[in-house]
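In the two assemblies presented below, chain A is common to both, partnered first by chain B and then by chain C.
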Partner chain A sequence: MASARLKVPKKAKKGDIITVKSLIKHKMETGQRKGKDGKKIPRKIIKNVTATYNGATVFSADWWPSISANPFLSFKLKATESGTVEVKWTDDNDKVVSKSAKIAVS
Partner chain B sequence: MKNKSLIGGVVGLGLALAFALPATAADNKSGYDYATKDTQALQDDEMQNPGMLWVETGEENWSKVEGEAGKSCATCHNDAEKTMKGVSTSYPKYKDKLGKLQSVVQRINQCRTENMKAKAWKWESGEMLAASTYVAFQSRGLPVTVAVDGPAKPFFDKGKKFFNQRRGQLDMSCKNCHEDNAGVMIRANKLSEGQINGFPVYRLKWGKVGSAHRRFRGCNKNVRATPFGYGADEYVNLELYVAWRGRGLAGETPAVRN
Partner chain C sequence: MKAKENAEQDLNSVSRRGFFRTAGAGAVAAASVSLAPTVASADAKMMEAAIMKATGGAKTKSGRVSMKTPIIAENGGVVPIIISVDSPMTDADHVKSVSIFVQNNPNPEVATFNFTPACGQAEVKVNCRMAKTSKVVAVANMSDGSAYRSEKDIKVTIGGCGG
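For the complex of A and B:
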C-alpha cells in the first residue's frame, strides 16, 4: 500500500488519557469517479483500521468511500501499562499496512 | 506546557523549528493568509498535514543507494537537516554551466544523472515530489531569499514579462488575478497573491502534493492558454519572478492549500 505515520506520546503516567494520531497515504478511490475514457475508475479504499494496545483491540473502524484521501485518524486512549500501540490498515484487497509505536507508562 | 507530553513517536524528523509558523510582518501575504481556518489547521499540525507523508518518503529515499556510482543523496550531502537548510528558498539559481536558471528539481536530476549515474526522475513523479518536498521542508520557516541581480537578471526580467503578459482565450495575465484581484472571490475560491513559498504544496483539490510547475500549467489552462511543459524555461524563469514577489515570506513546505 503506502507510507503511514503514527504518533503516540513517548511517556505517560498511569491513568492519563493520551491521544493517538495516525496518517496514511492512500488515494481512497471511491469508485464513482470517471476516467478520461468515460468509464468508472474502480473503487479501491482502506476498508478497516484497527488499533491494538499490547495486543488488545482498543479501536476499530470500518471505512467507506466517503473517507477522504490520505486519511487522518485520531483517538484517545487510557495509558495503563508500558508497551506497544499498533495501528493496522486493511484495504479492499485485504492488504495490510501496519505501524507501531512504543509508550512508557509509569 | 501541556503539549510537551504529546510530542514524541515521530522518528528521525527532528523539528528544530516550531511546525506552526508565526505570522509575518511583511507586506506580501502567503497563501496561508487566504486559506480558511480549517485549512490552516491542517497545515499547522505536523500529524494532520498530509504533505508530511511526502516528506517522510523523501527522507527514506535520501539514504537509498541508486545508480551505477553506488551512491545515495546522503553519500555526498550527509544530514539533510544541516546541508539542505536554506537551499530551496534560494532557488531557482543562475548556473554558469547551463547559461540559464536551474530549479531545485533540475538540480536533483543533475545530481542523479551526473554524480549518482542514476536515471533522471520525471518532474511530477512520486519520487521527485518526495525528494523536492523533503529538501524544501528543510527550509521551512526560513525567509525566501532569491538572487535576481547579476547573471540572473535577464531571466528574472523574462519571468516578470511572462507574469504580466496576457494569454489564452480569456486573454488574462497572472497579474490580473494575483495582483489586481488578490483577496477577491473567483467563483467559490478566494484569489491569493499567487506566492510559491509553500511549494511543493499539498493541494486538497489534487489529493496529493504537486509542484509549482503543475500549478502554473493549471493556471494557464484556466485561461485557456496552451500550457508549457514541466521544466520549461518559461516556467523556471517565472518561478524566479514569483519567488521574488514572495521575498521575505517564510518557506511553508509542505503547505496545505485549496
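For the complex of A and C:
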C-alpha cells in the first residue's frame, strides 16, 4: 500500500484525553469512475482502520467508498499508561499497513 | 438580495472557523444552488433503511450527537466532518458506534466508528466525499441499545464521488 502517518502526543498525564491523528496516502477508488474504455474502474479502498493501545483494541473504523482519498482520521484516547498506540489500515485485498507511536504517561 | 447576503454571512462565519479558504464572489454565486425541495426520494428511503440496519432497528432520537460541518463544501471530494457524542464513556454508559450517512451519494453509508470506554471521549474527525448537495446524518448507538441522530444539510458546488 502507501505511506502512512500517525501522530500521538509524546507525553500525557494519566486520565488526559489525547487526540490521535492518522493519515494514509490512498486513492480510495470508489468503483464509480469510468476508465478510458468507458468501463467502471473497480473499487479499491481501505475498508478498515483499527487502533490498539498496548495491544488492546480501543477504536476502529469501517469505511465505504464515500471516504475521501488520502483519508485523514482523528479520534480520542484516554491516556492510562505508557506504551504504544498502533494503527492498522486494511484494504479490500486484506493488505495491511501499520504505524505505531509511543506515549509516556505519568 | 437578502438571501445572497445571508449566504455571504454564512460563508464568512464558516471561513472564520477555518473550514475552508474564502472562495470569494464566485463561490457565493455558485452556492446559490437551487433550493427546490428534494423529491421524497429513493435516496432518502435507501438511507433510512441503512440507518435502521445500523441501529439494529432502534428508532433514533434527537440530541446527544453534534456534527460540525461546512455549510457549503466547495470541493465535494473532501468534506470535513467532526462528530461528537455526549457520553461519559464509562463501562456502564458509553457510545458503541457512530455511523455517517450521505443521503444523495451513490451509496448512503460512509463510515462506522466503533468506540470502547478506553476512548474516553466519543469524537471523530474524518473527510467524506459528497456527490452533490445532500442531507448528512450521524447516528450514534449507545451501550444501552438506544440510538440518537443529528442531521445537517451540506451544499456542494463541485461533486466528489468520481461518477
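FYI, the second predicted complex is superposed on the first by the 106 of 106 C-alpha atoms of A that agree within 3 Å, B and C clash if a C-alpha of one lies under 4 Å from a C-alpha of the other, contacts with A are read in each partner's own complex, and residues count from 1 in each chain.
The definition used in the following text is that contacts are C-beta pairs under 8 Å (C-beta built on N, C-alpha and C of every residue); 3 or more make two chains touch, one makes a residue touch a chain.
Keep in mind that this is a model prediction, so the values were computed, not measured.
Contact with neither chain B nor chain C is seen for A:K14 once the two complexes are overlaid on the shared chain.
Of the two partner chains, chain B is the only one that A:A101 touches; chain C does not reach it. In the superposition on chain A, contact is made by A:L23 with chain B only, not with chain C.
In the superposition on chain A, A:S3 makes contact with chain B only, while chain C stays out of contact range.
Contact with both chain B and chain C is seen for A:A69 once the two complexes are overlaid on the shared chain. Overlap of the chain B and chain C interfaces on chain A: residues 68-69, 72, 74. Residue ranges on chain B touching chain A, taken from their complex, read 5-10, 47-48, 50, 52-53, 56-57, 60, 207-208. The residues of chain A lying in touch with chain C in their complex are 17, 30, 32-33, 53, 56-69, 71-78, 80. Interface residues of chain C facing chain A in the complex, by the touch rule stated above, are 77-79, 89, 102, 105-107, 109-116, 118-130, 160-163. Taken in their complex, chain A has these residues touching chain B: 2-12, 16, 18-19, 21-25, 27, 68-70, 72, 74, 101-102.
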